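Presented below are the structures under discussion, each in the form of structure tokens.
In what comes next, chain A is part of two complexes: it sits with chain B in the first one and with chain C in the second one.
Take a look at the complex of A and B:
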């Protein structure tokens, strides 16, 4: 084998095989040192979230610690945080937060926004240089935006403000080069980027923020590129989704949301999950439990054992929303703001990814994370439990934990 | 790691906690909650290196304080007379490939506890979550509380070497999936759950036994699993596992044998004929 690969013998190799490719597979030339390209990393994404159920505020340092404790679950190729209840003084304006690669893109977006509504305030999002992070760094800018009352977008004037913002974000993200809208909800913002979770929290200096709810993600990219826009949370309006796993039904799900006018532009499968939540709950007005069931439905055999009314609803959801079924392993934490700030967790129906929930001893703060240590590090005496596969945990500010995730489908009143 | 950095960690120069390693007469305390200048918790590699050094030095009793998610603790440890006491939350793969030692956790364990363990004991005074005891080949895992999904997946046995997992409360779906040997006992101690196990119990089971105290229905069984009531000659074997549980937690486990059911494989080759019929 070794002789075969000596330079003089390379000529014998068929010309369609690139001789350079041989370097990385030449395992026998290495002794105690590991051959390049064959190093092995343990990993899997990490997700974490916390919500103050009494309406109090949680500092950004808390969520950063939760995520950093699961340091083995990331490899420095993306991390992000979403904060809810962040701008009480601007709670009626859409907070549109952008990545810009150059001033031209910024000018274009500003021109577009000014033509379609009012920018009530705009500011540079605080970022600081972190030594260990490698450039490029996009410019991060925030606009508080109020769309015109008379909406005309592509000849349609019957769009609600929310629909209008969705179309605007889809347009910017797929058409405007050098600009990416990373979050567009009211009273919330997404802070994400390409780096380790501790780098991203330092980059945005999260300690300066506090909010009612944080959800977060540290990334171990498996089948999509690692770039600033592709980091989680993926967000549209006030939805934000952090996801550990793979959506193997991506093609079907993508066609499903594209038929409803969404456009996938960030090269990450989680994007469709965000759009499905928006489509099912905001547009189609499904309750959270019904939307979760559409995404992670029970098997038909199991449905037959439900009571008649639940079984009828379950079959109806499976038939109507079969393209919304998320196949493949996943555990997700979802944030929403309407009617109250809410944290939802959901694992796939075979529970192929870890998910654990917790509640502080005073029952004020609910937690969700990939690993128990993330909860224990911020609340050592928390009560912890694991929600069932395909069953959402729902925690709502002002109302407490409405579902632990161990109930039957459609229970919990949400 | 260079020598200076190592000294500074072990002697606590850079750390807010006293010495990281505290030596008492017959035991050693390792403070896993020690932080470095940047405020970072001790990495699992450092912690495991400290544990290995203590084992090499002949320590028989190691106490880990303030463990917070560090993985692979006490993996591959072979010393039969070693006892490791863990306070805090050990990370994934606690005691992976364990071969002899006893580990006792005063708290909850995360996923994949006792991964492919060969012999020894893991005692958990709280819950142990998903895939506990996967591919275990020997030894015992005793859990006072609940467990998650896929506990005891692909456990196996060889002649007299038989792994066992005893669960004090409940387990979720896919308990004993692809099980090829060994024993799982679910005690449903507090008896609160309608059924102490989930769906797809023993899916693809082709060896070993699962004993469950409480209600199990046919639809909860996976393909290849068979449900039966307890026989008179099962009791001594079951009792031997329950006894281990009682000793570990100083409890009286329920011995109402009529409440127990047994799940066993329907055959040693449950999927024979499902795939390529070509004889090998």
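Take a look at the complex of A and C:
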């Protein structure tokens, strides 16, 4: 694997970090290519997100501070950020951001894209060498892509543009060696990699970006390799998911998305969670509350306490989507852009992993994080609350906090 | 008794006895209870003493009734000169066939020591990175829904979400267990009543078996899966509609390719009435359904049955596990079945040719996994409920069957053992001394339905508690998250090819 990245700028480690301690994890490291023999990865983590509810913009420095504050929740084997409302001038093109291990992979991807549509613009994503980070450093490149009008993919001409992009990303990630599409949504992008949260924010120089919403993640994997592709957020189309937890039903959930045509290439439970959101909300057109209920449902006995109409829906969600139930501890922050930039949070139905939400005193910015310190560090006087187990908090740009996560299922109009 | 030369000759060549009741004469009270209770007439009272009379099958009834606790049943050591190839089992079969000149009948599941893959797999548990759940303190759910699913729910997109109506008929069971199809005929009225009572009490399903439902059992109909077998005995439209679900029986694990077989000995007046057949005649069902010679025919029958029950109850299909079970199951789902029952080759029966019981079919462990993988690959697994049976002996078997890909298990023999059955494998003779597999009034009355049902209830409740313990240990709080979760199983046997086929990793292989 060739080290592709020629360092232009060198960033130093922030002064509050003791450089001596950073060398302790000695593992094999991987860029875009999947580590050999990898079949499943798991871990504990820190998550944070913020969204400007008025349509204003938030600088990358804000989310970086939120995430870095929870330093105990990471061990240097992966961190990442997703930013929404990032490319207003290209908002109608799919922004496909890639890791490449070598030029051949890049050339292959370009050839593929050119055959299937128009690359309206492409550019190297700004990165800089961070002293404490170790190779490999995959090349990070982004393409603004518009699929052909007359689409055909493997003999199928009935695919919507979104479905086509899903198929294309699955194809690239599982078939093209040395290339990994890390995000493919419109007006959003994922910045992630192998390192501590502060290393990744420096590596991409997040201060140079601002967007309507950021979600982020730092990893504490227990037994998985240091792989750039395995870092969060995991993303497909305009969905991005940051996930702290370990899904004990992974085998079942994976079957569920594979039956619907998704191919798991990153092999984390987060990848599967991302596809479940896409399947339930985009493809099956479930409201967010119903999709969240399928993933973290009430107990059968509690369902009987709901009004008759809600109980019927609840029961059938459990029956129809029993393979979508995410068992085990988790808290997630989900980003999406359609119809508006939206942040969703969800914790498992026993609330085994922490999750806290917040609102700035001027009610302009909503926050979500694993720990309260992450909110306080950027908004000391924010109003904070903890959503109920299995109940989504939904915050939408331009519309405010539609749901706090303390309501009954299916309430909140989303 | 004067014996003809021929009979004498046969006696000489008959295989030696296998079991002998031994009575301690110093303790015996000479009450003759054992003599009267032995339905096989293996005990005699001669000159003031109890004496073995031959033909003991080790059903153990005498031991349980003896007030002096002075009976022991000995397995008579092999009388055959050792030969590993022509072993005792082989020689006994030859001798019986030479005597009878017929197909040897037997019952229960095969007694051959085939490898049991359930015993060669171990389960996973949660440690550190996810918390185990204590089912005594936290909710761990085992409710299992039975029926077809659409794979997608259409919910209105504007306003608060709701559903206009149920998307189809569905049944909730409190635990992933169904009592299998044990027909009235193969077992006594009291035995079937006990099973139905237990199913009702546990809120689970029980199969009717072939031959319809006795009038008295209508109160249990909401817990009964009625069966349409090739003989069509006792099947009427009203009957089907009154039960919880309908199952078209194509095959049975203990006798794939064979139809039901109820020996004439068991066709009493009551049986002749419910099955609508003459008294004392063998009720032998055709091997195939004579209106199903192909998958299209099955599809038509499923449609006809669904029409006749007005789409009010789920309609399923039961097949024996055979080598091509994956493709067959896929065809059955495409033909419209709401549930499939797969019966493995170690499964039990009330009567079957021994050659089929012992040598035909597929072990259920492999069948479940193959079917689950095939249906998943074809995007059909979330359309159907899969039952798996064929020697589910314990909660461990049940849990592993679910992890391999079954939604629920079907259990027969274990329920009978709970009621008193000793697996003596004589059901086909209709003389069951425990009052289970018999139609003789004096024997059937030995089984008290209340007592027997309470024992079945306790057995399955304990299995369900054990299921919760295991789920909790795995960090799973609802049983559906175990269905087909083969990641949580590891193979620990001698044949890694089997593990590969089942899609189960070997012990020592981690997750990543």
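Quick note on the criterion: the second predicted complex is superposed on the first by the 368 of 414 C-alpha atoms of A that agree within 3 Å, B and C clash if a C-alpha of one lies under 4 Å from a C-alpha of the other, contacts with A are read in each partner's own complex, and residues count from 1 in each chain.
The rule we apply is simple: contacts are C-beta pairs under 8 Å (C-beta built on N, C-alpha and C of every residue); 3 or more make two chains touch, one makes a residue touch a chain.
Nothing here was measured: the structure is a model prediction, and the numbers come from that model.
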> Of the partners chain B and chain C, which touch A:61 in the superposed model: first, second, both, neither?
Replying inline: neither
>> Between chain B and chain C, whom does A:178 touch in the aligned arrangement: first, second, both, or neither?
In response: neither
> chain B or chain C: which reaches more residues on chain A?
Replying inline: C
> In the superposed arrangement, does A:400 touch chain B (first), chain C (second), both or neither?
Replying inline: neither
> Taking the superposition as given, does A:356 touch the first partner, chain B, the second, chain C, both, or neither?
Replying inline: first
> What is the contact status of A:329 with respect to chain B (first) and chain C (second): first, second, both, or neither?
Replying inline: second
>> Going by the contact rule set out at the top, does A:413 touch chain B (first), chain C (second), both, or neither?
In response: second
> Touching A:72 in the superposition: chain B (first), chain C (second), both, neither?
Replying inline: first
> A:386 contacts which: chain B (first), chain C (second), both, neither?
Replying inline: first
>> Just to be sure I read the superposition right, which of the two partners does A:371 touch: chain B = first, chain C = second, or both, or neither?
In response: first
>> If I apply the document's touch criterion, which positions on chain A are contacted by chain B in one structure and by chain C in the other?
In response: 301, 350
>> Going by the contact rule set out above, which residues of chain A touch chain B in the complex?
In response: 68-72, 301-302, 305, 350-351, 354, 356, 371-374, 376-377, 384, 386, 388-389
>> Applying the document's contact rule, which stretches of chain A touch chain C when the two form their complex?
In response: 38-44, 222-225, 245-246, 248-252, 255-256, 258-261, 267, 284-287, 289-290, 299-301, 309-310, 312-313, 316-323, 325, 327-329, 349-350, 352, 410-411, 413
> If you look only at chain C, which of its residues touch chain A in the complex?
Replying inline: 126, 128-131, 133, 138-139, 141, 143, 145, 149-155, 157, 159-163, 166-167, 170, 172, 376, 379-382, 474-478, 480-488, 510-512
> Which residues of chain B touch chain A in the complex?
Replying inline: 40-41, 43-44, 68-69, 71, 88-89, 91-92, 108, 110-111, 127, 129-130, 148-150, 172-174, 198-199, 219
